[in-house]
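In the part that follows, the structures are each spelled out as structure tokens.
Next come two complexes built around chain A: one with chain B, the other with chain C.
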Partner chain A sequence: MNAGKMVCTACSCLCDDIEIEMENGTITGIGNACRKGSAFLFGSQNEKQRAGYLAKGREVEVESALDAAARLLSGARRPLLFGLDNSTLEAQTLGIELARKLGGVLDDSSSFCHGRLVEDILAGMLPTCTHEQIHDADLIIYWGANPHNAQPRHLSRFSLYAHRKYHEAGVKRHVSLAVVDVRESETAGVAHHFFRVLPGEDRDFIAAVIEGIKGKPVGKDAAEFLGLLEKSRCCVIFAGLGLTYSLDNDFSLFYELIGHMGKWLKPAVIPMGGHYNARGFNHSLYNATGYVNKVSFAGGRVAHGDEFSLLEQVRSRAADCLLVVGADLFSALPASLAALLDGVPVITVDPFYTATAGASTGVLGAALSGLEAGGTAVRMDGTVVSLAPVKTPRHLSDEQILKRLLEKLG
Partner chain B sequence: MKLIIVIYRDVFLWSEKYKKDRTDSWEDKAAFVRLAEQDLKALGISGDGKIKLSNSVGSIVVRALADSKGRSGYGFMPVSPLVNRLTSYGEGRLPNFKRIEVTAEATKENC
Partner chain C sequence: MSKRDKLQPLQVFQLLPGTNCKKCGQLTCFAFAFALIGRENKPEDCPDLLTEQYKSSLDLLNEYFGGEVSVEKTGLLIDQEKCCGCGDCVAVCNKCQGTVLFGSGVIIPRNVPPVLKVIDGRVQVVCWESCKRCMNPPEYCRVCEERCPFGALELVR
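After this line comes the complex of A and B, so read on.
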């Protein structure tokens, strides 16, 4: 039976054309999804992979797990709430409220991913556009990004192949694709132009292009890249983690380049967020506090700074209790850093039984957003997308879990 | 041999995490590094050879695969908990996910 269309939450593309076939409440077929999306959705039916309700490592009823989590949080003096990038906007709002109520620290993965770019977009310092506006572009650049692996349908749904003026064969090319990356990736393989920069050398490449703009002689690659920019009237740059990490989160030179480009073309930057609602978290927290991440609510005031990043909180062993919502810290962090969490009680809210859930004192299994729970989310380009579930959940949604925790904390 | 390891995302490995009939771990499947053919040759590795990657943080043994498009001196490993045994974080900086300095040597140890 066709259960209709749903939004896939496996990545920040939030593809809204996923067709689901179901029999007796079980997914039997998935249409239009990429390898990532179909693995994610079919995987949600693998009971061994789903998180249940645990307290002190023992399986308990949902109410007991919520009580145990609430006790841990209320007893903490320096609680840290991390994640919410894989939660709906509604759950994020409750997460912010919870961190505020606890007087805790709140951060998400954007503090070591795309947070800086999103913050500058929200502050109006960096030009951006939506995927719909990409049809105006004549040059699309993936910089330090390989959507083939991270957002597999991005090219076909939102950029090159979705472009109204794209023709596979034609005498005149109306839109060009360029890739700047350390590796000749699959995306580079389909690009019209590939520029290889070695790890950490993006800054040198950007500086060379700027020198070229100023009329100074530059190397072959910078000259060719500048040639593309000079021919363009509208250019969209999809900024990946490769760029963020190469620049060590200091985008000043990149912004200088964007500023120069703005003198003769219309530039736009879209950060290639990974988690489905990472950008939504930045929007939610920005609206609530004026910051996109790394916030403390201690003492009833809002404070912001690097000391409130997850990385610094863990490194300095500042947190005495950790609530992780929809993130797998123990897989994602350097092992030497994750080891510093030894002895710190961790509560995990997640649809899946991750390494972090395995290391947690308390686990609250959640419904899978999009498939089993509804709400809204912000796509990587800033567009708000509604999620309408097609399957009856066996778990509470993360929104319901956070609401219940807030109620229990009074 | 000194190498710089860069972590990348791999959609096939990502999908493995959710497979129903998974028998081996995600970490085992992610136990490989792609190297330039000339570096493999210099290390004396051919076929299904193993390589030990070490630095001040830790050490791992992985399969060494040839990357025909690879650049000498650089290796590429997929995101997984395994490679995070080599990554580190220093105050005020990002973790070195995209530039991990290691010493590489051929080995007969198991992954």
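After this line comes the complex of A and C, so read on.
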């Protein structure tokens, strides 16, 4: 039986052309999804990988798991809510409400990823565009990103190969692909131009290009890069984690370059978020508070600052209870930091039984967005995508879980 | 990049005995090299390769051509282990089927069903008749092979 099309939520491409074949409620075939997406969807049927409802390590009924989680949260004085990048916009809104009600701290992975770029895009300080506008571009740059690993279908669905004027055999090339990275990644291997920078030296490369713009003599790579920019009239830069890490979240020089480029071409920057609704989280929180992450609701008012980032909260042992929604915190944190969470009760909401779920006091298994639960999400380029489930869920959705928690907290 | 490295016919030839003894059924060792690449022969079809003297050559050849593979009717060999299902080959194949209007960048599509499709996360040939290599006369297109970032595709004929 063909159950029709669905949206894959395994990465921030949110591919909406996934064909699903089902027999007796089990997926038997998947069309168009990449290996990552297919493994995610098939994996969701492996009951061993899925999270159930646990309280203090024991399997319990949904209701008691919710009660136990609500008790932990209401008893906490400085609760920290982390995640929501893999939740729908609807669930994110409820998550923000929950953090507000608890007077807790709220953060997501964007505080150490692309949050800064999204914030500046939302504030209108950084030019951007959507994937649909890629057809105007004559130069596509992946900077510090290897989509073939993280967002495998990005080139074929949204960038080079989706470009109306891309053709291998054309007499004139209408759109070029350039990659700036520390290694010759898969994407770099198929790029028309590849610029290798040494690890951590993106800043020097940018500075050299800016020098070149000012008419000063520069090295071969910077000159070649500048040559591409000079020929371009519209350029889209996909900013990956490599760029963020290399610049250590200080994008001033990068913005200066974009500013210079704006004098003769139309530049646009799209941050390549990883989780399917990471950008959505930034949008939701920005709409609610004016900040994209690192927010505290303590004392009934909104505060923002680096001290409210997950890493600082863990480092300073600030939180006395942790609610993690759709993030595998314990796999991501270095062991030395994870050790600081010893003794802090953790509640995990996740479709999968992750390492974090394994280390949690309470576990609330959730339905898989896109497959088993609906809602809306924001693709990496800022486009809203609606998710329509094709399978009957056995778990509550994270939206329902957060709603129930809110109700229980009164 | 090692992932995309491929053995060239001359390199394969250099691993063979070079006596042109015809015992493999091919007229020359060079023809055998092509037959290996096209997966029409297996390394053990050459008796001399099985002797001690050629052990290292045989090991190397087996590494490349020893495994059980199925070559599609288009001559396309798909390495399911390497393919990540990115769909780049699907997209470029669909594009290369069209004709570019000179200078304008506008592409007129050739209305045929797609050759390739990603199923369960790996690419598969679903309509080989659409491949330009199956046209009459054939067009020796290699776009899908050239654009695969993982070296998962090889046109062996």
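Keep in mind that, in the parts below, the second predicted complex is superposed on the first by the 410 of 410 C-alpha atoms of A that agree within 3 Å, B and C clash if a C-alpha of one lies under 4 Å from a C-alpha of the other, contacts with A are read in each partner's own complex, and residues count from 1 in each chain.
Note that in this section a residue touches a chain if its C-beta (ideal position, glycine included) is under 8 Å from a C-beta of that chain, and two chains touch if they have at least 3 such contacts.
Nothing here was measured: the structure is a model prediction, and the numbers come from that model.
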{"item": "Partners on chain A (chain B, chain C) - clash or fit", "value": "fit"}
{"item": "Partner chain in contact with A:Glu184 - chain B first, chain C second, else both or neither", "value": "both"}
{"item": "Which of chain B and chain C A:Lys36 touches, first, second, both or neither", "value": "both"}
{"item": "Partner chain in contact with A:Arg394 - chain B first, chain C second, else both or neither", "value": "neither"}
{"item": "Winner by number of chain A residues touched, once chain B and chain C are compared", "value": "B"}
{"item": "Touching partner for A:Arg58 - first (chain B), second (chain C), both, neither", "value": "neither"}
{"item": "Contacts of A:Pro152 with chain B and chain C, given as first, second, both or neither", "value": "both"}
{"item": "Chain B, chain C and vertex chain A (Cα centres) - angle in steps of 10°", "value": "60"}
{"item": "First (chain B), second (chain C), both or neither touched by A:Ser246", "value": "first"}
{"item": "Chain B versus chain C as contact partner of A:Arg233, first or second or both or neither", "value": "neither"}
{"item": "Partner chain in contact with A:Asn46 - chain B first, chain C second, else both or neither", "value": "first"}
{"item": "Chain B and chain C, minimum CA distance [Å, superposed model]", "value": "6"}
{"item": "Chain C-contacting residues of chain A that also contact chain B", "value": "34-36, 38-39, 42, 148, 152, 184"}
{"item": "Residues of chain A that touch chain C when the two form their complex", "value": "29-39, 42, 148, 152-153, 155-157, 161-162, 164-172, 174, 184, 186-187, 189-190"}
{"item": "In the complex, chain B residues that touch chain A", "value": "4, 6, 8-12, 14-20, 57-58, 69, 71, 74, 76, 80-81, 84-85, 87-89, 91-95, 97-99"}
{"item": "Touching residues on chain C, where the partner in the complex is chain A", "value": "1, 3-4, 83-88, 90-92, 95-96, 98, 100, 102-103, 105-107, 117-122, 143, 146-147, 149-150"}
{"item": "Partner chain B, residues of chain A touching it in the complex", "value": "34-36, 38-40, 42-46, 48-49, 112, 146, 148-150, 152, 182-185, 196, 198-200, 241-242, 244-246, 248-249, 306, 311-312, 315, 330-338, 352, 355"}
